[in-house]
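Take a look at the structures listed below.
In what comes next, chain A is part of two complexes: it sits with chain B in the first one and with chain C in the second one.
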Partner chain A sequence: METQDKKEYVNHFFQVFKRYVEIGRVAYISFGPHAGKLVAIVDVIDQNRALVDGPCSGVRRQAMPFKCMQLTDFVLKFPHSARQKHVRVAWEKENINEKWTGTRWAKKIEAREKKAKMTDFDRYKVMKAKKMRNRIIKHEVKKLQKQSSKKFNIHFVSVFVL
Partner chain B sequence: DGVTSDAGLALEPGSRILGPFPSSKMAGEKKAGEKKAKKPRKHHASRNPVLARGIGKYSRSAMYARKAMYKRKYDAPETKIEKKKREKAPATLTKPVGGDKNGGNRVVKVRKMPRYYPTEDVPRKLLSHGKKPFCQHKRKLRASITPGTVLIILTGRHRGKRVVFLKQLASGLLLVTGPLAINRVPLRRTHQKFVIATSTKVDISGVKLPKHLTDAYFKKKRLRKPKHQEGEIFDTEKEKYEVTEQRKTDQKTVDSQILPIIKKVPQLRGYLRSVFALSNGVYPHKLVF
Partner chain C sequence: MVNLSKHFWYKLLGLYCGQVFEKSSLQVKNFGIWLRYESRSGTHNMYREYRDLTTAGAVTQCYRDMGARHRACAHSIQIMKVEEIAASQCCRPVVKVLRCLYKPRFTTQRPNTFF
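Right after this comes the complex of A and B.
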């Protein structure tokens, strides 16, 4: 298929780019009025803009500059300039919304939002939880260190004895 | 003739008849029904024939006679000010006086003559509008501060401590308690401006505060009776603040109601015990409290 051909074209030892702008590419909008939403690229208008549609994410079909889009790993299958209905069908078939929330990218975004919304009391609770966690970790590490140092000591002593 | 002229009164345009009208004394009226004391008056036509528009035939004094105004003099009702003037306060009082052979009483003036007249007259100040004394000022309270909010105190000896807000006093200051057992902040007043309101709230709706916790209760006491003994004046003034028993009991009554509520919320006690601090990378304008 077209996408496969494109990738076959790439004949380096390694790929410089992994995600390409293509019809059906799902993109994340990083800034602007629709910041934070996912859209599918329906068609390319010119060097800077694409026709974009996000029926399942509340973005109307519109032109959008490439600059504010960040490409994701997901690609949908529909022909160029397909109607919104077909875009929606393809989107729901691939279950993009669920896949997106399962990616690390989406989880990091969510974590960042939660952190920004933390109240003073939440910050205290996080501090206590972190402290406890670190204490546990340190305890285990110390135990392992002690074990390994004991082994080393026995070896050392045995060498001396010999 | 006097009766009939009374019954039909011509009202000159612009004239005023003051006071209560005399009830019509037609004999037939009283028989008919005493409920209708006032018969609807039939007004006389104008007694001043018009010569040209705006000009009557008779002068003011002639009209006065023709309308028989000399018979129709009424008093206006007494205004409040006149009534006050009438009811005079007593000018003198008789007061008993002790001692032998002194005569039992003295007659004392209630309002005495001034004992001092200044050489220069102070000019009268102009009237000002809307300048109220502090006790009558409008007190405002930020919407984020409601009873039971956890506040962070920013100034004073308890700076950084997290504290429970109880209520706003009449002077506008906030009444606040640690509780004492948690962070050593007693029932205390703080200023709204020097406090950060967090979004953490404790449910204080069931807590009953004693009524005597007012500004007067919390006001600092200063001794004001130096008997002009130089050198010793500064010693007798209260240097060290001592906690009175009443403060202790009040603290107990309030805290005993609040502590169980705090214990119910997990980690809240530890939160109130901790102290707020900034560190690297922490910017207050970016924090959500």
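Right after this comes the complex of A and C.
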């Protein structure tokens, strides 16, 4: 449980932790009844729990164990134990929802969900698309191989496929 | 959650016995709990501090903590008083550290256990 002050003392050559639990830190809930939602840490109750609020993500203000939270890169600015109204204002000001959907993390989650929802027809489409893509790549690779074998008269050429 | 240990006394003295709802369950508070418990050798008074959202939550924490640290069963614990205390009045170092997050207090002295 680090604070703003302590961060400055950290040796920048070897920083083990980059994201700290602090007032205003936005966290992603990984499991539990609110899995998949974002919340802001409003206050710390004790070593295991935080008072957490997600006005723009549909999570009521409540105590939540740190175990089910995964810290994101976003930090909001509001005083500890601030009311939901202030949390919401800070959230909307920083535009966290949009920033979140633009992160690679969120995109990976979305891709995972899409894959899980695939029907057989979707899988067929993916198979066809992959096949076409690989064919194009192989074609280009073969061309490059021929060129270099002509150039250097080498029989075995290894080419790294992108 | 009703404070079960007080149930007997309430019935005896005819006091209010019902569920007490917390005034502000969405704010973290520091609770000082005075209790009396029977250990294997004798009976002792204690003062403990917990940080929680509700009084009931703090008392629950107390019961669990007593069971863990002193092997005291619920039936041998009598909660005498539960009071919400201001951050400045907290004595226990565990609670003191958490009450002010913006000024980390690191000390080289061992905590005082007698108040």
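To be clear about the criterion, the second predicted complex is superposed on the first by the 147 of 162 C-alpha atoms of A that agree within 3 Å, B and C clash if a C-alpha of one lies under 4 Å from a C-alpha of the other, contacts with A are read in each partner's own complex, and residues count from 1 in each chain.
Going forward, a residue touches a chain if its C-beta (ideal position, glycine included) is under 8 Å from a C-beta of that chain, and two chains touch if they have at least 3 such contacts.
Model, not experiment: these values are computed from the prediction.
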item	value
Which superposed partner A:K130 touches (first chain B, second chain C, both, neither)	neither
First (chain B), second (chain C), both or neither touched by A:K107	neither
Contacts of A:S81 with chain B and chain C, given as first, second, both or neither	second
Touching partner for A:I23 - first (chain B), second (chain C), both, neither	second
Which superposed partner A:L51 touches (first chain B, second chain C, both, neither)	second
First (chain B), second (chain C), both or neither touched by A:M118	first
Superposition-derived comparison: chain B or chain C, residues of chain A touched	C
Shared chain A surface residues [contacts with chain B and with chain C]	none
Complex contacts: residues of chain A adjacent to chain B	116-121, 124-125, 128
Residue ranges of chain A touching chain C (in the complex, touch as defined)	1, 3-6, 22-23, 43-47, 51, 61-63, 80-81
In the complex with chain A, residue positions of chain B that touch it	150, 152, 162, 198-200, 267-268, 270-271, 274, 276, 287-289
Contact set on chain C toward chain A in their complex	26-28, 50-53, 94, 98, 101-104
